[in-house]
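Listed after this line are the structures, all set down as structure tokens.
The same subunit A turns up in both complexes below, where it pairs with subunit B and then with subunit C.
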Partner chain A sequence: MRTLRFLLQKEFRQVFRDKNLLRQILMVPIIQLLIFPWAANYEVKNISLAIVDHDHSSYSEKFISKIFSSGYFIHSDYTSSFKDAYQLIERDKADIAIEIPQGFEKNLVRENQQKIFLAVNAINGVKAIVGTGYLASIITDYNSQIRAEWVQADRFNAAPAIEITSSNWFNPLLNYKMFMVPGILAFLVTLIGGIMCSLNIVREKEIGTIEQINVTPIRKQYFILGKLLPFWIMATFVFTLGLLISRFAYGIIPQGSIVLLYAFLSVYLFAVLGMGLLISTYSDTQQQAMSISFFFIMVFNLLSGLYTPIESMPAWAKVITDFNPLRYFIEVMRMVVLKGSSFHDVSHHFLVIFLMAVVLNTWAILNYRKTT
Partner chain B sequence: MKQLFSFIKKEFLHVFRDRKTLMLLFGLPVVQLTLFGFALTNEVKNAKIVVADYSKDIATKQITEKIEASKYFDVEKSLKSHDEIEAAFKTGKIKLAILFPENFNENLLHLHKAQIQIIADASDINTATTLTNYISAIVADYQRQLMKDASIPLTITPEIRMLYNPELKGEHTFIPGIMAMIMLLICVMMTSISIVREKELGTMEILLVSPFKPLMVIIAKFIPYLLISFFNITSILLISVYALELPIKGSILLLYSESLLFVVTALAIGLLISIQAQSQQTAMFGSLMATMLPTLLLSGFIFPVENMPLPLRIISNVVPSKWFFIIVKSIMIKGAGISVVWKETLVLTGMMLFFLTVSLRKFKIRLA
Partner chain C sequence: MNSTVIKAEKLTKRYGDFVAANELTFDVRAGEIFGFLGANGAGKTTAMRMLCGLSVPSSGTASVAGYDVYKQTENIKRNIGYMSQKFSLYEDLTVMENIGFYAGIYGLTDKEIKEKSVQLVDQLGLHDSAKKLVRSLPLGWKQKLSFLVAIIHQPKIVFLDEPTSGVDPVARRQFWDLIYQAADTGITAFVTTHYMDESEYCHRVSIMVDGNIRALDSPANLKKHFSASSMDEVFQGLAREAKRKED
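Moving on, here comes the complex of A and B:
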């Protein structure tokens, strides 16, 4: 036990000696947590429209003003020909081009039928679907207004209308920050713990000081634990800062128990740090350790469900997410913070992370050799 | 000149001696692009939903069938009560619940008005809004079918053409973004340790006492990584065309030159980090922190830039991958030429020059 105390003292000194690094570890997550959640808005709005109005009638004008009053669209430009509108799409200046043909008003009234042409930039498929959906419902709406002017009330009413009311549970105001802040915090904590830890042992290898430790009677498990605990404490500290930021900067108050969050965090950190150590024992230089942990952090980050839903991934990718510790942490964060889930709801997550922690740390201890 | 050549040789030896790292540098982009190219999409597919049907008539059945038939939804089971919905949401399995109130069809036929209630689990807000939009579209489609049978006067029909990506594949937005992100991260990471490593190991002193000019040191450090990046560009383009089936509609030559421009910019950023940092740890941590989240969140491929608040829209302009993302998208998918992307190219060139000059200025020939 005394050995461990001295080891911890040594590690803390090393960490606190590098003021630059310490500043980075503490400041960068705070800054990022304050800035980036604002960027994460998925909502489809501000769709820019290029309008080609060949008709210039009162009907086409009414139609155009109706579109812009909906609030989803912003105005790109009026162009005189469809070709120019197409150019705007090509230059990313417009997302949708609308062409109102000549005789729009006349044909609608005389022939009961009229077409409108839409060209949609569909590179972003979701934006295309949702944007045209908005437009289609505006057209339907406008259509029934016109019909009301021309046809007797009870006859046009025959069109059946299905009304959809939607309610959003757990985040009724659709506040994107509530969704992103817990996830980004989870990622930042992982980044700090994982990277710093993976670089640590290999640094001693590269500088050569590991030899000095190897010739002492320090037992492997103490050595590993001594490497692990400082980062565990640091990551927990950063997590606490993050919770304070989400409380005071974003007004996010966890619905569930904070104790549960910390309990999960403590097990989770052992898993992540164990993984860092494992990488460290396998690499010879900091560059190697860095490239490997960079790879895993990227995969963990992007396949965690933080940005894109796991359900939409192909089956093999879903299997990968089953082994992704960050995924479990983000899920637990979102469940506990937003939905107030209890221990019972996240017990499966606890079990998986606990197993990962045990396996990774045992592996790291076994793989660390004091002799070459 | 001969001096420079022998220094470049030294750097090559450094890089190629470490086989493990070399393998990683070549392997990483390939594996990551394949992985993310297939796995990431902002579409929501196979979302588990529940239907609570209190009406159980022909209309609700038809709508449910329509929803079931789309690739977006997996109808899990039918629920009986409100309490069950809450329990299903808490365990995180169910994303959305649809409720048909009693007498749905009757109301629709006689009152010409019926209601559907949707409850979405908005703790996953992206999925919630996307699914709600999908359902609205499906219901609107069902309504249009009903209308058609009724033959209603004065009808405006929109005729819609989806440009560039008619099948509405989700991958098309993501792959150019992923390409930009991977290239940037790997390049920054590679060069970020190049100089600080020599500082840490003590070999920097030897370099500094030599009559070799600082500019030459930087050039020599640059070239091996530039070569590796050149190979990586090629493998990334090959994968995106042959494995991910993304077309290159524009000129390949232009795409290559733009990629090189971008890669040099990224390498220069890494170089600057390396010159500033005191230890490899600081350099690596700094390069990850400075690149990963900003490129992911601000380059516009996951979250649209136009939705961001104004300060962030301004900040996003300094993220090089934002510009490269636009360039790749335009050249590969739209088939645009330099006349369309000259502005973005100019911005990237400016950034590259900036980072290179600053690196050179900051490069100290004395040890602190």
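Moving on, here comes the complex of A and C:
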């Protein structure tokens, strides 16, 4: 235990002397948490629309103004032919082209029916689907408005209608930041904990000081614990900073227990730092450690459910997410922060992360060799 | 005084087909300053790393301070000091912090650490720089400091891997004074070097060429045997046969 005291003292002295490291630990979470959530937003707005109106009637005018008043669309241009509108799509000036045929008003009034043509640029699939969805509901709405005006309501033959209304739980205003901020924070803590820890050890390898350590009777468990604890403390600090930013910049107050969050974080950090240690035992240079970490961080990030729901991933990808520690932390963050879940709800997550921590650290200690 | 502290029998290290150290057989007596000579790439560092318990031998046997290099490496580590070729103190810690750290790791008590620190700084005359980062010291001072840190726990043997490379003759002379002082307190010194003038300071020297020990005796006897006027001539005569280039 006395050895550990000297190791910790040394690490902390070095950390507090390294101004670059301190700057990173402070500035990275602040900047990322303040910028990222605004950009990571799935709400589709500003869909630009090219309009080909062959009718120029008061009905078509009403129809067009109804579309723009929804607020989701911006106006690209009026063109006289579909060919021109199509060119706008080709030049990325428009996402959707609408063609209103000649006789739009006349056919609606006389024939009671009319078709309109939509052409959608589907390169951005989400925008295409959501955009046509909006348009479809606007058209349906417009349609029923017309019917109400023109078709005499038959008192005995009222069109039976089931109206669906929904209310959103846990995030009533469907605010994407509520959803993203806890996830991004989980990702940041993983980044800082995992990468910095492995880089620190490999740096000692590069400088050669680790050889001096290896020739002392120090036990490797102590050496590793001496590396782990300082980063454990720093990552916890970053997490706290992140919670404060979520509170004051986004008004996110955890619904569940803060103690539960920190308890999970403690176990989680041992898993992530264990991974950093493991990477460092397989790397001889900081570059190697960085590229290995980068690979895992990318996979963890994209397969964590941070951006896309795990439920809609193919089966083989779901299997990978089962081994992704970040996925569990993001789930726990969202559950506890947004839903107020209790220990009982996240006990499975605790168990999995605990096992990962044990496996990764044991592996790292076994693979760390004082003798080659 | 004549007990053996290092005993190697056919100690060999292979990396694939490459034999870095080939059947080294020698012994080092307590209190001796033993010079381990050889050109770059001759296998000096490999041999030393095996004796320090940093590298597992491929075959042969060896004991250091009475402990086996295969099974008792942790016991060996408690009884040796080691100064590697690369400077290995923490540059971002001060002189005092480095001393305190290594003393603590070797299990010295707080009182001993305090005494040792004062004694070390006195010995080096580093009073003005004691609270400065090691980074800011000149190379000669750094090497003297790392030597004294390597023997802070009063080990039985200290291994020095080219401790004086890159410093001027005056600083080298001062460094050897420190080695003599340590030897006077009973520490055996095992020194690799490629400065032939330094080999004259050793009680006995061995000369390695291409992984093999080609000569082992006192400098005086070696000169007589090879009818050379200096150790440099002895070495040049042997090193000419070398086929290996730098590693």
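For this structure, a couple of remarks:
The rule is short, and it goes like this: the second predicted complex is superposed on the first by the 361 of 372 C-alpha atoms of A that agree within 3 Å, B and C clash if a C-alpha of one lies under 4 Å from a C-alpha of the other, contacts with A are read in each partner's own complex, and residues count from 1 in each chain.
By our rule, a contact is a pair of C-beta atoms (placed from the backbone, for glycine too) under 8 Å apart; a residue touches a chain by one contact, two chains touch by 3 or more.
From a predicted model like this one, the values you see are computed outputs, not experimental measurements.
Once the two complexes are overlaid on the shared chain, A:39 sits against subunit B while remaining clear of subunit C. Here subunit B and subunit C are compared by how many residues of subunit A each touches, and B touches more. When the shared chain is aligned, subunit B comes close enough to touch A:312, but subunit C does not.
In the overlay built on the shared chain, the residue A:71 is in contact with neither subunit B nor subunit C. By the document's definition of touching, both partners, subunit B and subunit C, reach A:18. Of the two partner chains, subunit C is the only one that A:217 touches; subunit B does not reach it. Within the superposed three-chain model, A:91 lies in touch with subunit B and out of touch with subunit C [touch as defined at top].
Subunit A residues 18, 207 lie at the interface with subunit B in one structure and with subunit C in the other.
Across the complex, subunit B meets subunit A through its residues 18, 20-21, 24-25, 28, 31-32, 35-36, 38-48, 89-92, 95, 108-109, 112-130, 132-137, 139-140, 142-143, 146-147, 150, 152-166, 168-170, 172-173, 185, 189, 193, 197, 200-201, 277-282, 284-286, 288-289, 292-294, 296-298, 302-304, 306-309, 311-312, 315-316, 326, 329-330, 333-334, 336, 340.
On the subunit A side of its complex with subunit B, the touching residues are 18, 20-21, 24-25, 28, 32, 35-36, 38-46, 48, 89-92, 108-109, 112-130, 132-133, 135-137, 139-140, 142-143, 146-147, 150-151, 156-172, 174-176, 178-179, 184, 187, 191, 195-196, 199, 203, 206-207, 283-288, 290-292, 294-295, 297-299, 301-303, 307-309, 311-314, 317, 320, 331, 334-335, 338-339, 341, 345. Those residues of subunit A lying in contact with subunit C across their complex are 2-3, 5-7, 9-10, 13-14, 17-18, 207-209, 211-218, 370-372. On subunit C, the positions that touch subunit A within their shared complex are 52-56, 73-74, 77-78, 80, 82, 84, 86-93, 97, 100-102, 104-107.
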